[in-house]
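Heads up, there are several structures right after this.
The following pair of complexes shares a single chain, subunit A, combined with subunit B in the former and subunit C in the latter.
Presenting the complex of A and B:
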């Protein structure tokens, strides 16, 4: 970072610091992504996402980033849920109904055990 | 799809794919004119006339236009089956507005379904986009702009359990109050 000469520089400095902070924050959190393409929605992806939200709410789970995204291009496998625990590889689950979603939240997200029965095999 | 709310979610996904950072969802149940109108308006990249024609017709889809799916033709068909129709206004670089109209009390009209869950999915699952919900039943209006909430909790995660709880309650209650008003007016919403 060059010398700070103006308010604008200061603002840029703050923005950069913010970005680094965000990246660090991201790394310490569990990421959950639910595929929400047309087929996913028709297969119940909204209910799957709602179940995950309710689980977070009821169990007061901290540090979770939940996202929905358009088609993941895995037709026939919907609803698809991807889970990434901090410092671990992404794990993809397929045909996740609300019951399986609750299991994933309890066993994988809370207890750290991957549920091999529901893994997406490509 | 069994709910109009699921169609709304599907259409809003198109807006997100189009790079919109503001998406406004409007649902208007006008029982006096026997009309149900829903619209999704975004400030995404818009479509030219060629693409517009393609998204309306399911049979033109090919490998190269993979992003053009069945969502819009399905909703169009559902609207037309209920004495309504679907229109899209779009301008490249400006945005798109999709509107679907139904005869409100048509026997084949899909129930509105869970509008609250559709809106929460979008709002919580896509924090970088500003979502607005405008739900009207005759003169009763529930208007919700998430920018106030998102500003108030800036720096905090939207998926904090207290934030989820607050948003779930606010949106669900707002929609339910509006629906209750319709029932009080003697409107038959048995299938909603």
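Presenting the complex of A and C:
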């Protein structure tokens, strides 16, 4: 990680970081985000994350960015998993247990079909 | 942050559904898309309101107009008239005079929309809390960069002008506090982030810390620069393991990055942050007890004055702010005081994060502008009561107030609530229906205070114990009318003579109970029955 020395550095770094993000968005990579706050973990987000990781390894899926985030504040909906396929809108799933996670990975990430049964509705 | 121009509520309970409300919702989605209003209009459902005659009922903010009954065919006309062209569709308005009376609460709500407006929570649940790079991509650090180019006094002026008030419960103007610390004599000053969120039912600070720990570091840096402090502490609740881990890692990352430590960004400004974990005491959320706890002593409140702004941690001037208050600082610095003033009510600008729980269909966290009413919270965000009718709500954990149903149309801001004799507290909204007994509820609260009282001053130590005994007697059918007079006397004693906020607010539930639910309490004593069927009553 770079160390910054001036206010200009801080401003410049944001632009660089945004450029990297744009490149990442355009590079055709699938992004999967798991909500991993206390509520999410209590609802089993760790198992969900592990399942997704195992699935990626077992099936040798390339170009997938898996990352975590905090809670959205929707108690009772966790674990929340957000999937963004390249050039597509973000899709949020709620109450994702390992079984559903495997289904999402197979049907949505691999085959490209959104699973309407598990969508997060606010 | 997404700001909506209009908000549409559609009733979607059983009765409305039988009259085709789901088709109306679909039609609304299509019409809003057709007129390209998706980014301007916030569409949501509420439970049945009003009588079946005018369902499905549609309410449009900020004009606060009610339409009903609305059929799917008329939706296109309604959207084009009201939302696209901006004039009220008079022909579809609720016309039944009886119905108008039932939704008369709407009249006072003209001009504001109760839509979610995430300022503090903007990037919570979006960014990766373990990656400083992800924080930078989402405008992170820019408020700090802007602040460092200003004079410290100018930052405080902006905060003062924004009208930001402390979100920990008391609502003290933040700018004045900052000014007091800046003006206090001495070279060594501290900034403390109070994350000891121990009010039962509140978990907003945890979500903020877990979701965006870097914003807290950024806000503390700005506070330190503005007040002339060079050291900061985050006092975090002992139970918050995940938040503790995330904030500790964030501080390490920030140090490596070069924004914490000596001579930050070559400006000659030094600042470092330490994390201090609490050990489970409720009283340590009180600012002076928190100071004692950091100093390694027993968590007991100090006498005030002197206030922490002049005599705080190790006798030095200290700024203590709640997590949510600090969370508001970077957006204010970035967008200016005027922008902040445009949200919420004139006396309490900005938004408030609430945690909603209890007998509602949907629980969770929301950030809405100040001035929303309880009725709207329950309808829009709680999606209605689970089974029976709304009886009372407890705001702000134990030290808050009990709000009876008659006050549910009071705007939720610091001053409006103070005017009707209740307090907003820290943001927990425990919604209770009429299967809950007020006497039992107050007994439980008294038990909480009796356990959590630190025992330093007599009124609180003895008062809570006595109040608990009397409340237990009433729930067991041994209550007398003299008990009520004693409770009133105890409450006044605790409020007037206690050392700190715990004792001073411990009597609030008793006061609210006797003010608003006296008949129910007297039924326990005179008739020997619990109207809600909760208390044992000696049987």
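The rule we apply is simple: the second predicted complex is superposed on the first by the 96 of 122 C-alpha atoms of A that agree within 3 Å, B and C clash if a C-alpha of one lies under 4 Å from a C-alpha of the other, contacts with A are read in each partner's own complex, and residues count from 1 in each chain.
Quick note on the criterion: a residue touches a chain if its C-beta (ideal position, glycine included) is under 8 Å from a C-beta of that chain, and two chains touch if they have at least 3 such contacts.
From a predicted model like this one, the values you see are computed outputs, not experimental measurements.
Enquirer: After superposition on the shared chain, which partner residues are touched by A:119: those of subunit B (first), subunit C (second), both, or neither?
Expert: Neither partner.
Enquirer: Given the touch rule stated above, what does A:14 touch, subunit B (first), subunit C (second), both, or neither?
Expert: Second partner only.
Enquirer: After the superposition on A, what does A:64 contact: first (subunit B), second (subunit C), both or neither?
Expert: In the superposition, A:64 contacts subunit B only.
Enquirer: Let me test your reading of the model: by the given contact rule, A:5 touches which partner, first (subunit B), second (subunit C), both or neither?
Expert: Only subunit C is touched by A:5; subunit B is not.
Enquirer: Considering only the touch criterion stated at the top, classify A:41 as touching first (subunit B), second (subunit C), both, or neither.
Expert: The answer is both, since A:41 touches subunit B and subunit C.
Enquirer: Look at A:53 in the shared chain and tell me whether it touches subunit B only, subunit C only, both, or neither; answer first, second, both or neither.
Expert: In the superposition, A:53 contacts subunit B only.
Enquirer: Both subunit B and subunit C contact which residues of subunit A?
Expert: On subunit A, the residues that contact subunit B in one structure and subunit C in the other are 37-38, 41, 67-71.
Enquirer: Under the definition above, what is the set of subunit C residues touching subunit A in their complex?
Expert: Residues of subunit C touching subunit A: 44, 121, 124-134, 136-137, 139-142, 144-145, 148-149, 206-207, 210-212, 240-243, 253, 256-259, 265-267, 357, 362-366.
Enquirer: Could you pull out which subunit A residues touch subunit B in their complex?
Expert: 29, 34, 36-38, 41-42, 46-47, 49-50, 53, 56-71
Enquirer: Within their complex, state which residues of subunit A touch subunit C.
Expert: Residues 1-7, 9-11, 13-14, 17-18, 20-21, 35, 37-39, 41, 67-77, 80, 122 of subunit A touch subunit C in their complex.
Enquirer: Residue numbers of subunit B touching subunit A in their complex, please.
Expert: 1, 6, 9-10, 13, 16-17, 69-71, 74, 114, 117-118, 120-122, 124-126, 157, 159-161, 164-165, 168
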